[in-house]
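Below is a structure I'd like to ask you about.
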């Protein structure tokens, strides 16, 4: 079984981004970039399927600028077999990425496509679902457990108020949630081995996909600052203030 | 002249940063309090193949150079682990270089893989109470008795001897008076740290409590002749092979330490508001931080130059020693500045910078003093008459 | 053209998020003049449709009833929505697990962009949404003919559940896509309010030290205040509470009247989940904890002393 994993290069989750003073964009020059944490989980899950003998090949795909190669290399170092970079400098939005992935899926014919549930820069939570719909495939979002059995994907997913389990026909799309697994560290020997693994570059035009953005960002702003409140000397004062001042008790 | 880290080096930096994420400042603060060796940190690096970064793939290493090792050590230190993190693995990275270069095939197969896997921990016993910089005058003796050498003597400032099970030790096999020249007659051994024959006494120090430093009292330690590296009497020459790498690595660790201090100080300067403005807006706060940055960057260039020369097989003594000097001084300045920037909080343990300052003395003093380095440069580079 | 709200329900009652989505639709309709229709896709869900007719702002309820719609399978709900999507300028879903799973499928099939987690409507085609864990607020405009949005429930008040008098129109359910199967569901048993809709949230962090402490210290306070229980990621990762207690960027976003953070340091990712609460109280023994920078009232004290003291005071 071939598994495709989509990975995105994003601002590292530790970085606190700043809006440019002109409100036109976020200042990400010289900022640390990393693989989207949910995508790391996706890669890890795919590699585990390979180690369990369920998957024969793990292909990682990323779309974006040339530096996305670093992200793909990290995925290869985690254990993926092959990487595909869809290189473009165009702003990519979820619908475009879904179409690009769909084109790759069409070529590669995987049985499973795994996405991170959302990218921590855009927080859209759309791409996996969109790709599934374009390909008319079943999906299981926010996966916390994934098993492949009898040609189906049995997925437990996190829902509001608990969890539910779905059984999907393959090929299927799964998006990962935080608790699906804990991604492995990249070992130095695997980092070195990854250099020999194939990385292919294609362009959106090669896949006949129009990636022009549909949404226009008019402006970006920092959220209204919440002013720090007061430190109260004791619990008694707290309760008084909550009753009389804040009126929440 | 490309000053950028290449792809591999960037990947190494990113991967090590990820490993260090789990071992945060609170972890190192706790280690500094308790003095407990960071076994899990060492273990995590070992498991992920990092200890063998500069060792030959034939023995489980990755065969990369000092440049990559320097990037790794700087990254560990810069994460906030400082010297506590770096020294926990430092010895494993380059320490057995003499073994790799001069050991027999059998020895390399015996010694290197367990060290690289993290199963062995090795300490490096060279310095003595009466012979620090003046190595040729060391007094520990190794007397041949059949198929063993019997070693007796004292060593001092031996890091990790509390947790190590192996020891790389240099001792005199030929008395100084009988040697053709002072650098002859020393032999190098890599052997088990037999605690029934070696008393290890920890020295309470200013900082880096997590990685112990010790005095060793060696009393009739029996070392099999198979544990002798290379030829008898040639040990000093073998040691020299490790000197420049050691300086390069400790320099990179110092840079990392200085960067950790600078990072904390800068963050604080942005957040701390006094008299209605962040203190970082005041030049008296900004300027020392800017100076720290410049000094660290400049020292780092020297570290990278030394590492690049070493990896190309070119002489790098001047650069390696200069790197150690410059990095240590820059780190010290950065750590002092960090405390001053944090004001009273800089004096509190929970703000971490005082720990960095306490650690910053190590690369200043060890493995060689700044004064000796200046003499070295004066003599070897500038051609001035030797002063001692 | 009208606005379609895809309602979330369990075949018996309407889920709260739908009411926030209806309000968002009402705001959109101020700009478009369109009606708001509510789609209930389910099985034996007549009572849900009836409740839907009473929601203020809803002009029509569309009811699609079929066994294969019983469990809200995304592929099937999507197909049913698509069968009627043509008449709508906007398709609106709550940004709940349900809505987030389904909306993008609809958007992709219509070949339009989606705007997720909107917190405000600026005009018929312009919406405000948080990015970078809420550290940046983006105003985006869609040039597509149909706008698909998911609505952050804390961004809009819940529509009133009475006052409406819509009609019910039965529509055909699209056929079963047949590619996914619901197996089972485990709902975390709740005898206290649901985290995302509670007025009061009592939330615990790593400072509590153990699951036993979490229960022992926080439950009495939550009981006294009639509040829901939440947690930081650290507490969830440490196993103090189940996953769905997590408040944060990648957990639940909450904005209760009163949010009480106990033993929570206040990492950015946690703040992203609760910073829109009306009143924030923090209890932490570390005066420098970032949570105090967003708390309206802070108590710098040992939580094992302060919280029981608070419960005591409330009992008097």
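Letters A, B and C mark the chains in the order given here, with residues in each chain numbered from 1 onward.
Simple rule for what comes next: a contact is a pair of C-beta atoms (placed from the backbone, for glycine too) under 8 Å apart; a residue touches a chain by one contact, two chains touch by 3 or more.
Bear in mind the structure is a predicted one, so any value in this text is a computation, not a measurement.
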Look at the interfaces A-C and A-B and say which one is made up of more C-beta pairs in contact.
-> A-C
Among the chains, which is located farthest from chain B on the basis of C-alpha centroids?
-> C
Can you check how far apart chain B and chain C are, centre to centre, with Cα atoms defining each centre and the answer in Å?
-> 53
So how far apart, in whole Å, are chain A and chain C when each is placed at the average of its C-alpha atoms?
-> 21
Distance from the CA centroid of chain A to that of chain B, rounded to the nearest Å?
-> 39
Contacting residues of chain C [partner chain A, same complex] | 71, 73-75, 78, 96-98, 100-109, 111-117, 126, 130-144, 177-188, 190, 194, 196, 200, 225, 243-244, 249-250, 252, 257-258, 268-269, 275, 278-281, 287, 292-301, 306, 309-310, 313-314
Chain B contact footprint on chain A (complex, rising order) | 34, 70, 73-74, 77, 185-192, 195
Chain A to chain C touching residues, read off their complex = 11, 13, 16-17, 19, 26, 38, 93-95, 98, 118, 120-134, 136-142, 144, 154, 157-169, 172, 177-179, 213-223, 226, 228-232, 234-236, 238-239, 241-242, 246, 248-249
Which of the residues in chain B come into contact with chain A in the complex?
-> 7-8, 10-12, 14-15, 18-19, 44, 47-50, 52-53, 62, 64
